[in-house]
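What follows is a pair of complexes built around chain A, which joins chain B in one and chain C in the other.
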Partner chain A sequence: MKYIIANDQLTTGAIDAADEIVMFPRSSVLSIDLSSNTGTDIHAQSTSNVDSTVVLSIGHATVDSFTGDRAQRQMIDDIVKIINMENHSRGYNVIFDALNNVSILNATTLGVDEA
Partner chain B sequence: MLSKTIFREKETFLYVAESATYDSGDQAMFRASDFTGATAVNNFKTVFRFYPQDKTRLGIGGDPVMDSFTLTHTDGAHVEVMKAVADALSNERGGIIVACDPDNTMGRGITQLNLQNIASTGTTVSVTAVVITTVDA
Partner chain C sequence: MRTPYIYFGQKGYFNTPGVAPTSGVAAITTTTIANSGLLTDAKANSVDPTTLGYRVVHVAGDQVDDARGTDYTTDFVTGALFNVDGDSNHNQDDKFIGDVTNLTSAAAYISGNSNGVITIGDNTATGAVGSVATGVTMTTSDTVIVEQFTRNLFVGNGNAAAVVSSNFAFPMSNFLGANPKAYAKTHYDGTALDQTDLHFLQDTGEGNDSIITLIHTAGKYPDIVKTMEAIANCSVYNRAITFFDLDYNGREYYAGGPSLSGNNDLGIIGCFKTVV
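Our next item is the complex of A and B:
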């Protein structure tokens, strides 16, 4: 099994609670959906409660424009590549790490919500 | 036809020991395939959760209560610790990997995790303690 890591904090000093950094098996991903015209959500099974979910909310350019529409579709492709670990031999893949400036293409922000 | 390599994949276990006092629950092994995920706890702790081993925590008819171990590590090193644990869990050779054993009860040192420095600051990362939460602890 490979694992997905996400971090929405910008500095090491800011990391102090759940809902900031999460790691889960890639098989825990449940769905990807459009939450608004500037946001796409990745839903995964919660790490602590099988009835709940982890939601990774990714911000991006508005899809009400040609470039924004392309950006969102490209981003979904990139999310699927991360889940499938394409071109990645390590045991993990980072979908977004604000601290270390790691991000999938076109993603501008990330919010981690472990319900 | 399925490749033979598929059948060569072996189970990996993470070993953790709170101390060299051999009371119930002070040492434990967690199976990689039971891993459900990890989150930050505070600025120097990360919790790793697994499906429970004991029926009293399985929550039959309800929700399971996850078994877990919580690593104490260098401030802000949550991502680096998660990466090291992910590499250990996904090891296809299988076997036992020491995640945290401050008193060296296994004889393999404090940890066998391949901990990288914090990328943004260059700070060396270490794990120093673990707390186990299972039916026995």
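Our next item is the complex of A and C:
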């Protein structure tokens, strides 16, 4: 089993605080969808409450254009690729890492919301 | 454990027979995410819906003289001029069974007021909108079809008004089943239609399933089931498999039928998430 670890890009005040750092197995992912014109969400079953979710919100350019529309569609493919990737040599893959300036194409921000 | 992902773009579709005018206007049943994937956005009287990414199409179910606005001269499906058979009793404003009219005259509509209501004036100029040129006097034998044809803000079938039509990807490991639903309607091109609901684990973590509703050519339920099985077992893990998509320019994309041909083998004409 592979796991997803994420921290909110803007807030890392306390490691045990809500909406900051989460970890969950990739089998907990429930869906990926468009949440706003500039945001795509990854919904996963919450580790603290199985009747709730953790939402990773990935920011991107507006989808209100043909280019933005197709870029967001491509982003979903890139997310799926990372979630499903078997990387035995390195042991991890990155969806978004602001500190090291590594991310999937077109992602600009990452937020964490523990509902 | 890896799992294939399935992807759905939205295309709103609403098919309602039996709408007749009252006091000169006919109010179409409110479109909602649940019944059509359409929240037709604020719509001023002077706006042609085709400029907002959806079309309102009238299909005549009976023959009535002098019922259609004179602005409309050609059949939307065949492209032929209305009633050019040379019969002196037949005029272009007479509707005949099977006539298909794309209602594009802006003056035929009253404001949707952000509430999903489309109101169409008759052609007698007795109501708030519509005129001899722009309205259509419907009967309960007629059908009105509202169809989204581009992904954009205006049909409002995203998570809120003024959000671009949403899209969804689910892991196939969360697929719960396909449920055929009573529909029994006919598309404007004469194709008989069915509805199938695809159920997935709810993406809010609790409560009812997430449901993707498909409106498609009648009799395709077995092929939809086989297509879902093919996607579940396709061993493609590096992208989401597109079951259906509609892009900003109006192009549609398909998985195809059980062979995953990439063509519209299932006759998909509507695809929307009915439980949000």
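Keep in mind that, in the parts below, the second predicted complex is superposed on the first by the 100 of 115 C-alpha atoms of A that agree within 3 Å, B and C clash if a C-alpha of one lies under 4 Å from a C-alpha of the other, contacts with A are read in each partner's own complex, and residues count from 1 in each chain.
In this section, a contact is a pair of C-beta atoms (placed from the backbone, for glycine too) under 8 Å apart; a residue touches a chain by one contact, two chains touch by 3 or more.
Keep in mind it's a predicted model, so treat the numbers as computed, not measured.
By the touch criterion stated above, A:Ile5 is placed in contact with chain B alone, chain C being left untouched.
Residue contacts after overlaying the shared chain place A:Ser31 against chain C, while chain B stays out of touching range. Once the two complexes are overlaid on the shared chain, A:Gln45 sits against chain B and chain C alike.
When both complexes are overlaid on chain A, the residue A:Ile76 reaches chain C alone and has no touch with chain B.
Contacts of A:Glu86 after superposition: chain C is touched, whereas chain B is not reached. By the touch criterion defined above, A:Asp97 lies against chain B but remains apart from chain C after alignment on the C-alpha atoms of chain A. Once the two complexes are laid over each other on the shared chain, residue contacts for A:Met23 go to chain B alone; chain C is not touched. According to the touch criterion, the shared surface of chain A, contacted by chain B in one complex and chain C in the other, consists of residues 1, 45-46, 49-51. Note for the complex: chain A touches chain B at residues 1-3, 5, 7, 11-13, 15-25, 28, 45-51, 54, 90-92, 94, 97, 99-101, 114.
Note for the complex: chain B touches chain A at residues 32-33, 35-43, 46, 49, 63-64, 66, 75-79, 82-83, 85-91, 118-121, 123.
Of all residues in chain C, only 1-3, 5, 7, 9, 151-153, 158-159, 163-164, 166-171, 173-174, 200-206, 210, 237-240, 245, 247-249 touch chain A in the complex they form.
Listed in rising order, the residues of chain A touching chain C in the complex are 1, 26-27, 29-37, 43, 45-46, 49-53, 63-66, 68-70, 72-73, 76-77, 79-81, 84-86, 115.
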